[in-house]
Amino acid sequence: MKKQTLSLLSAVAVAALLGTGATPAAAERTAKIAGFGAKSGVVRSFGVNTEAVMQAAVEHINSQGGVKLGDGSMAMLEMSFDDDRCNAEEGISVLRKIASSDALVAVGPTCSNVAEPLFGILQRSVDDAGDSGLRIPIFTDTAIKGGLAKISEWAFRNVPNETEMYRTLFLWVKENYPDLQTVYGGVEEDFAHSRFTWYNVMDTRAQEAGFEVVGFSKWLLADTNFTQQVREMKKAKPDFVALSSHPFTLCGILKEMNRQRVRPKLMIGLTSSSSMETLQGCSKAAEGIIIPSSFAPVTDAAKMVAKLADEKGGSADLHSAAAWEIVEVIAQVMESEGVMATEDSVQEDRRKIRDGLAKLETTNGLIGTIMREGDGEATKPYLYVHAQDGEWAVLHDPGAS
Amino acid sequence: MLELRGLSKHFGGVRAVDGLDVTVERGQIFGLIGPNGSGKSTTVNLVCGVFPVTAGSVSFEGAEITNSPPHVALGNGIARTFQNIRLFSELTVWQNLWVAQNGQESVRSQGFFSRWLSGNRGQRASVEEQLEFSGLADKRDEPAGSLAFGEQRRLELARALAARPKLLLLDEPAAGMNLEEVKQLDERLRWLNEQQGITILLVEHVMELVMGVTHRIAALNFGRKIAEGSPAEIQQNQAVQEAYLGRSEEEGDEGGGSS
Amino acid sequence: MEIEIFGWTLLDYFQTIVDGVLYGATYAIIGIGFTLIFGVMDKLNLAYAATALAGAYFSWGVGTQIPLPAPVAYVISSIAAGGFGYLVYLCNFRYIPSGAPLASLLATVGMLLFLEELIVHSTQGMPQPYPALFDDVMLEWGDFGMRGDLLFVFCLCVLATVFLLYVLYRTKLGMATRAVAQQPVAAQLCGMSVQGTNSTTFVIAGAIGGIAGAMIGASVGILSPLLTVPVTVKGLIAAVIGGLGSIPGAIVGGLLIGAFENTFQLLRSVTERDMYVMLLLFAFLAFRPGGIFGTASRHE
Amino acid sequence: MDFIWGLVQILGVHTIIGLSAYVILLTGQVSMAQAGFCAIGAYIAGMLTVLAEWHIIPGMLVGGLAAGALACVVGFPALRVKGLMFTVATLAFGEFVRLFWFNFDYQISRGGFEIGPLGGEGFRQIRFFPENGWSTLEVAIFVWVWVILIMAILWWMDRSRIGAVLRAVGEDELAAQSVGINLTAVKVTAFTIGGFIAGLGGGIYAHYTTHVEHLNFGVLLATFAIAYPILGGLRTVVGTLLAVLFIQGVLVEGLRFLGDLRNILFGAFIVLAMNLRPAGFIDARVTRALGRLFRAERGGA
């Protein structure tokens, strides 16, 4: 009986391992792209949104006839999506699986702590034959921690350039609110992205814009009690505050500020917080907070994506909307580089896509043109949005002026 | 050989052992009797250092060993058995004896590796010897927990002897035995005492055993010694009879360590 | 008048400690749950904090369907968590032999992961607003301030404890529970159902946890699955510092942790706060293994 | 294939981490500090290969030894307590270690890049394997050489006297003391060995993920470390391996076809497994049955 159970389990394991490789054979030519991200744990909504948007983008391209291959025939895009649980090892496993399949490019991941090791196991520079790292292009939509793509030449990102966004944001604040002099910071200290953004972005950019940083408070990702931090903030009597924090603690700190009647004249938030999460958690307390965001349904294209994402059971926000742009760019590169999408050309096609991506100087974005930087990063157009009556409303479009 | 001077142990307000003076001479089989709860098991536990004494001292072969922990007591040559058998029931019979090869002669002379890791030939030979002695040679690979009650008792005794002790503390070894088994035990104890020269402190209820095998007896009640003398003297002793008659119907647990 | 120690005034310290103690009430109440189950079964239920939060989530879920006043939500949370507590008992203790404590321990970890993921999937992991009472009240005396909602949470925790002590020491059910805790075999011989008592304990502990879960949600104003692990760890520490099995111990333990972590945060920084709390706990356990109100000998 | 070898690496590293807890579990103690020891091994080995440019083997050994030494030092106070108190004390210690690395910065500049651990942002570019051209298969083999080495040593130890001594302590401390076993020495030894093995596991972990940060070494990893041997059964080291296969191979990778259900069922499967096999996959009955099988075969041949 026991032995039966064991053999059953191992049979399931083997079957499952084998089964994952097999996909239904398609009658027509297909080019495969592989999405992955976190669909478990507290960051589940990110993965769900990315998957929905990617799915919508793939269907959109296919409905227009698909992608033209190097031999002139048309291919349909086919996508898969895997969950990495925002766990480094599982992310590696997923990426290896993608690399072992005939997918030409990987889109993901959600978490920066997964992106770090993933980019680490990639070959660092394409011409270094001695480097045994993986050779598959990754195009990242969500993981936003600063400076990641330079880890490998196979890594590309379509995430907002925070340095640029906050530089202009602070300047804009300086110009439009001349009576503001001092700023107080807040940083979610144990999360790589928020930490990086405060120390390397907000703090320095605010000073560059001529503000005096009168101090900052720190808290942790899962903290729930902010009395001390807000008291520090209160003592510093800043004109406005800049909070580098994800929605959960952002809500906590905003509520505490209300309670202690700390009412700065202006609040600035982390770009990742310009999502539904913040509004779900504390729309009242967040009222008025200004956040630079690389997505808002302001153009026709953006509106369409928002609607399609909705139909797929996700929502388009600054992270997931990037997946749409990524799929479009990939399709475009596939055509321009003459990808063959045959069984034998997988490795060549990957290299072609990588080189094509590296060559790009600009790409089309949903709210404007995206500048590609040399190190695989992007500078995306962005807007300043603010929370108004439980929704994100566009406050200002720096590109328009 | 073993001297207890003013030995006391209080658990909260309960005086389990209270100012006990006992001297066990080399070569004796010394009986410790008393009704349930009179402090016999506690005394054994104090000698072995299972818990710290409240007051008084224990000395062994002229050296003070009060409060030395059980493994040190064993190193000094004091081995014991438990009132309710405590074998390593998941380990095999053989392993039970093997882990117990920590007596002076078998251990001290060896280097670290043979002591802990492989176990040298001497240890293995010694295990075989004890298997033979306990009559469990054919059950060597059985888990100790699967043995019959009497076999467990024999194994526990063999395990205590594995350390080649000078003094053996037996805590009610005859509990639950039938008359035949008691008789065997009687012979075995005599053999150990006479042939092996092991001094024995016997805590026991079964009077057939105690009165037959011991050289000298101390009787306890409420943690105090109420009488000491030869078996014959104790049998005549008024106080002992009263203690047993007065309390014989009561049940209770004796030692904290065995619960 | 301004005496400064390490750069902070006495008022700062007082304020810090009061904040910490008030917030520590939630740790205390989770600690009570751990201690209660440990006291009766001698086992650890690591899924406890997860059931507490699951209760709160359940009441949030009901609240999305029909608008609920805060107190009603708290009661629903408590009832639901009681139910989850029973579920935990069934899945992790009822059918696993009592001689396999490690199996139960690990099963409760599985349960924790299961409940957490269930919560994630019902909310997509997004933080959800939870109704609070007095959450915009701030009692102030000069520079000194006290959060109204935390004060309320604190009072409710005290009430829950008093209620629990009443149940344990003044009702027949409580007597049975204590009897089973101390002498399971004897209790069984006297005709008490050990399983019945055990499951009742899980339900009661769960219900108390449901209140704690609701209070945590209320004091933060948001529910998030992020809370499960920290609350589990802090509640466990509270129970252990106080002496596992001791209800007053868990209370004191919880409040102490609240006070200590806030003080360390003031003196060092938030990043080092937990490091010192852990070090303190480690030292404390090594040198006073029984806890503050511990009966170390009983549970060896 | 790359995927399979990658998975084989993961299975290997998790087996090592599970075995580190196995040794300690034999003495009846549940240590939640294994993630902390892993962190020490990971950071130290990583710093040695990245900053000091050592080879990985000495790097791992030094990381393991450091973790083992710390385990030894901490073992003395920690092992004053036992049972749940020990579990919580080690939990506290493991978290302390994690938070130590959270607060630890040591970066040097090389080739225009800042390299080395940087507190909350982690420690990136631990690329010994790819930089030296090791293929995924080679890394997998490297990992499994360690796994097999450790398993063989533990297997041999299990069959030797020290294995019996560890189990004796795990079963009945008082009886073990009474037959002359020095509890403190045995338990601290086991804890030290466990720390050393966890340190080795951490060393590999850092290199095959190329990036470590404190969050990798939280309560969850500590829980998995004890989950493997408990789920596999404490009768033999093979149990731990089986449990790793079950959790990492079946529950994590194997059930992907279930989609979203996979994550929900993860915990439920653990609950179910513990209900069906409270003493682990390989319990006393299985070992006895296997033993009989072997003996019968030998007898028949």
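In order of appearance the chains are A, B, C and D, and numbering begins at 1 in each one.
One rule holds in what follows: a contact is a pair of C-beta atoms (placed from the backbone, for glycine too) under 8 Å apart; a residue touches a chain by one contact, two chains touch by 3 or more.
What you see is a predicted model, and the numbers here were worked out from it, not measured in a lab.
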item: Subunit C and subunit A - chains in contact with each; value: D
item: Most remote chain, CA-based centroid, reference being subunit B; value: A
item: Geometric centre: closest chain by C-alpha means; value: D
item: Averaged-CA centre spacing for the pair subunit D and subunit B, given as whole angstrom; value: 41
item: Whole-Å separation of chain centres (CA-atom averages), subunit A against subunit D; value: 33
item: Whole-Å gap separating subunit A and subunit B, where each centre is the average of the chain's CA atoms; value: 72
item: Interchain centroid distance [CA atoms averaged], subunit B/subunit C, Å; value: 47
item: Shared-contact residues (touching 2 or more other chains) in subunit C; value: 116-117, 120-121, 229, 271, 274
item: Per-residue multi-chain contacts in subunit D, two or more chains; value: 102, 120, 260, 263
item: Overall pattern in which the protein chains touch one another (line/ring/star/complete/other); value: other
item: Chains that touch, pairwise; value: A-C, A-D, B-D, C-D
item: Residue ranges of subunit A touching subunit C (in the complex, touch as defined); value: 40-45, 48, 189-190, 218-225, 227-229, 231, 247-248, 251-252, 255, 258-261, 276-277, 280-282, 285
item: For the subunit C and subunit A complex, residues of the former touching the latter; value: 15-16, 19, 23, 116-117, 120-121, 124-129, 135-138, 145, 147, 149, 216, 219-222, 224-227, 229-230, 262, 265-266, 269-271, 274
item: Subunit D partner contacts - residues on subunit A that touch it in the complex; value: 2, 5-6, 9-10, 12-13, 16-17, 19-20, 39-41, 82-83, 85, 88-90, 92-93, 96-97, 99-100, 113, 116-117, 120-121, 123-124, 130-134, 145, 151, 189-192, 195-196
item: Residue ranges of subunit D touching subunit C (in the complex, touch as defined); value: 25, 30, 77-78, 80-85, 87-89, 91-93, 95-96, 99-100, 102-103, 119-120, 218-220, 223, 226-227, 230-231, 260, 263-264, 266-271, 273-275, 277-280
item: Residue ranges of subunit D touching subunit A (in the complex, touch as defined); value: 1-7, 10, 102, 120-122, 124-127, 129-136, 208-211, 213-216, 242, 245-246, 249-250, 252-257, 260, 262-263, 276, 281, 285-286, 289
